[in-house]
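Scrolling down, you'll hit the structures one after another.
Note that chain A is present in both complexes that follow, paired respectively with chain B and with chain C.
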Partner chain A sequence: MTHNTVKASDYAFTLLRYLTLFGLLGTILIPLAFVISVSFRPPEEFFTSGVYLIPKNPSLEAWEQALRFLVEPLKNSLLIASGTTIVSMLIAVPGAYVFGRKEFPGKDIIYYALFVSLLFPHILLIAPITDIWFEIKLYNTVIGMWLALQVFVIPFMIYILRDYFEKLPQNLEEAAQIYGCTEFTAFVRVVLPIAMPAVVAVAFLAFLIGWNEFLFANMLTSGQGPRPAIVELFLLTQGTSGNVYWGRLMAITLVLGTPPTVLYLFARSYLGQAFNIT
Partner chain B sequence: MPPKAAQETDKQSKSSPSTHVLIEDMRKTFDDGSIVACQDINLSINEDEFVVFVGPSGCGKTTTLRCIAGLEIPDSGHVEIQGREVTHLKPKDRDVAFVFQDITLFPHMTVRQNIQFGLDMKTSLSGSEKEEKVREVAQMLGIEELLDRQPSALSGGQQQRVSLGRAMVMDPSAFLLDEPFSALDANLRDRMRIEVKKLQQKLNKSMIFVTHDQEEAMTLGDKIVVMNDGRIQQIGSPYEIYNEPANHFVAQFIGSPSTNLMPCTLEAGRDGISISSGFFELELPPDLADQINGYEGRVDLGVRPEHLELGEDGIFEADIQVVEPHGSRDAVYLTAGDRELVAVVDAGVIPQDRDTIQVDMDIDKIWLFKESGERLL
Partner chain C sequence: MLALLLILWLPFTRGIWMSLHEWPVVGERTFIGFDNYEFLLGWDTFYISIKATIIYGLSTVLQLVIALVAALLIVNQKWFKNFTSSLFLLPYTLPPVVSGTVWLYLLDPNFGPILTALTDYGLLENGLFWRSSGDLAITVITLVGAWTFWPFMFIIILATLQSIPEEHYEAAKIYGANRVQRFLKVTLPQLKSAIIVAVTLRTIWNLSKVAQPLQMTGGGPGYDTSVLGILLYRFASDNGRMGLSFAVGIFLLLLTSVFIVVFIRENRRSQQTELK
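Here is the complex of A and B:
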């Protein structure tokens, strides 16, 4: 009797598990499938009635237009994202190391100040930063974007990396120092290689933020400057003139998602290691 | 040797030619001086000497060792290694090797790379010369077949062996070992201890070994440095430390079971000096009485468990609480007055059903300590 009920609930549980899985998968894959489908349709097909996945008259027109449109914005995005990553790494990796493993006066206060800054919406900073950037001629420059994004990229990276550094074995650098390292070479030769998975992981996240960040990019660049693709994409949806060309929009979305996806595939094994260190 | 260092050696009257490591008046505090980790540390260590620092947890052993290694800079005093003033030098410039209490192999390197690390950083040897050295050391430690493994694939004992190898390959002028085997199980610890002792004899290098286990200290050291409360209590051979403790602390800390200590009063009477506790009285013979220079008042009488004689006559009677077998000997736990005492006798001489016994002690085998802890007799 009890034996049977256990079995029934077992089946129910398995069923529920698969339903949840497929449900989740569906919510991600079905829209994506439609995005892909729409990007291959000619404009006449956007608003035809009836739901179908395979375009009736497949066309590459949307893709051609998207790519032509994206050349400049993609270059800007790439510049902004990779520059943001490099600048933030140069500051956040040593910074997190110092927070994680060295003692200095005021350490806790500074750390919590950094952490609290993550809790406030960044929109708070938009007005002052735009003002100052105008003043010091950083408005509408790539460098201006690199620096502005650090405001929240660096605290975020330090937050993640500090823990990682803190958990490394106690006397690691000291052992390195005994056997010939200075404090600096101990960091470079021993600590950094061990922390590589976490460093790659945060670099990936920094790139992702630099690539997708909209708010600052929208405020700090204009059509004459290094406006990144994400802003251009947004402006297209605003459809200033007549109908929105949905096919092109979908194609642009897909192109925009590609670099982070490729990077993710490269960084994947590091990401896995970074978030379950023993 | 650079001429400057040579001059400094000449000025040092305290360091004899064989002195290898010299520490003078060293003091180290933490937290702006509120924690005194060690003070008044004076110590000289000869080349090829095996020195053991022993003392209870928190007494400053690690701190002293770290000051020698350069991992801490002392507040005052100085450290010399091979006649060279090193007090403020970086660890890498001191030519010492350190084996840490916790395992600190570099997890991203193989065993071979770990052992070779110091050679890579500090020397300009060719690849094949380094390889040869690593192989030699690995052979001595019996870890040749582990060379290409990652540290995470080794047992705790093997990891500490690799740590030793990483130290040995540098051929340092001193080895500093901070409780290297405390994380290992008792059996393995005993084996590693013997191995380290043999290694030290083979390498003929000075070695400082830190432990909080007095038995480990007694079996290993040529010279034992007993520490407590940040200060050196006594320096001596295992024999001296055991038989001639400098003070109350050393008498109590060294030896197992622990020395019996009984509060007594020292009084000058009509016919000499007598020691009285609540339950016995002893007369000091004239030669011993001379040694105490007329000291009177409260003292602690100390006597090792093996110097309490149990039998039919004695100076006081004690109740037998427990007889605890220790192989060829028995530890007999006694109470007399309100004191607990322990005696060690040959196994089986005390019948199990006996309740009371007479206790005697040889006056030549007792120690007297002043209230300050200093040894009086």
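Here is the complex of A and C:
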């Protein structure tokens, strides 16, 4: 008797599990299916009624328009994101190493000063940073964007990497020094290669923050300057009512969404580890 | 290192100085003491903004529920586990402005598939012009925010779930614990820290979101969906009132500071247990 009831509840549980699982997947895959479908529809097809997935007259017009529109903004995005990555790596990798493996006076206080800046709402800095950038002539420059984004990229990177460096075996550098390495070469030749996967993952994250970032990019660039694609997309969606060609917009979203998605899937295991606090 | 701290904290210090001024982007600056703060506290719209921020911040709860359910579903999944969890990450990996655009289309009153389907099946008479109703607009941006950001909590919770030793569950089973008991007595206590960390981080970040809600509603109708972040942005960008903008930021900081303190304490505690 009891045996049977347990079994019935097991079946019910499994059924519920799969229903929820597919339900959740649906909230992601159905929108995605529409986005892809719509990006292959010609402009006329948006005025026909009814909901359907397969385009009636598939066309590449939306993609052509989207790519033509995106050439310049994508160059800017690429330049901003890769520069941001390089600058942040130069600072954050040695920084995280020092925080993770060295002792020095004031370490805790400096670390917490960094740590708090990871948490506090960066948006409140748009006013002072815009103002300072105007004064030191960094407004509307690529370098200005690189530097501004460091404000939140670096604390994030140091937070993740420090944790990783800290968990490496304690006597790694000592062993290297026995074989004739200096402190510096021990870092470059021994520690860094071991930490490479994590460093690469963090570089991906820096790149995608640079790619996705909207607010600072919008405040610090103008139409004549290095305005990245995200801001252009934002502007396209503003003041749109009725007669917008959604096909083109959806093609643009697919182009802009792909690079960060690919990078994220590579970087995710390290992100999980860094925040894995039990 | 010190130079680094300077880059991070100099703008903040300068911002405080700015907030004591009427500070246009170009032109004359005048010292006005605490007038910016007084103005905000006496301005009715400011309270609308705080209310909107809190409602929008509540999407953290939704995110937690979805993330917890998804992580529990995935952790014992045998087939396509990695593939499925990667699919779950998709909303979060898209730039928020991109997912905002996607939902603007899906929910477009004239051409979007969701509202078209509802009218076709006779559930709605006309298109639902949600952008012109304050209550609907804030609901929409909160739900879309939940959809966009839940996978962040999912990553953290899943990583922690995977680190719970299988023996704990087996021991619980031997003592006759049923599914619910196993969840409450084994899973939940182990997840406690991870949940606190995920919730505090997401709350801070949700309370200070700008891009996606701004894109979807422009902060309107009126100021109904102008969360503090958008209010701050509108002052800085549209009106060029930098001092006032930073003053809004200070209130936002006060709102999030509770969570910042919780996060730091939790982080410190877990580091101490790690050392033991």
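A few points about this structure:
Criterion: the second predicted complex is superposed on the first by the 255 of 278 C-alpha atoms of A that agree within 3 Å, B and C clash if a C-alpha of one lies under 4 Å from a C-alpha of the other, contacts with A are read in each partner's own complex, and residues count from 1 in each chain.
Convention: contacts are C-beta pairs under 8 Å (C-beta built on N, C-alpha and C of every residue); 3 or more make two chains touch, one makes a residue touch a chain.
In this text, all values refer to a predicted model and were calculated from it rather than measured experimentally.
Applying the stated contact rule after C-alpha superposition, one finds that A:Leu114 touches chain C and leaves chain B untouched. When the two complexes are overlaid on their common chain A, residue A:Val98 makes contact with chain C while staying clear of chain B.
Applying the stated contact rule after C-alpha superposition, one finds that A:Pro43 touches neither chain B nor chain C. Of the two partner chains placed by superposition, A:Pro55 touches none, neither chain B nor chain C. In the superposition on chain A, A:Cys181 makes contact with chain B only, not with chain C.
After overlaying the two complexes on the shared chain, residue contacts for A:Pro193 are found with chain B alone; chain C is out of touch. Note on chain A: of its two partners chain C and chain B, the one contacting more of its residues is C. Partner chain B is touched in their complex by these residues of chain A: 169-172, 174-182, 185, 189-190, 193-194, 196. Of all residues in chain B, only 69-71, 90-92, 96-98, 100, 102-104, 106-108, 117-118, 120-122, 166, 170 touch chain A in the complex they form.
Touching chain A in their complex are the following residues of chain C: 1, 4-5, 7-12, 14-15, 18, 23, 25-26, 66, 69-70, 73, 77, 84, 86-98, 100-106, 108, 110-111, 113, 116-117, 120, 147, 155-156, 158-160, 163, 179, 190, 193-194, 197-198, 201, 204, 207-208, 210-211, 215, 218, 229, 232-233, 236-237, 242-243, 245-246, 248-250, 252-253, 256, 259-260, 263-264, 266-267, 270.
Partner chain C is touched in their complex by these residues of chain A: 13, 17, 20-21, 24-25, 27-29, 31-32, 34-35, 38, 46-47, 49-51, 91, 95, 98, 110, 112-117, 119-132, 134, 147, 150-151, 154-155, 208, 211-212, 214-215, 218-219, 230, 233-234, 237-238, 240, 242, 246, 249-250, 252-253, 256-257, 260-261, 264-265, 268, 271-273, 275-278.
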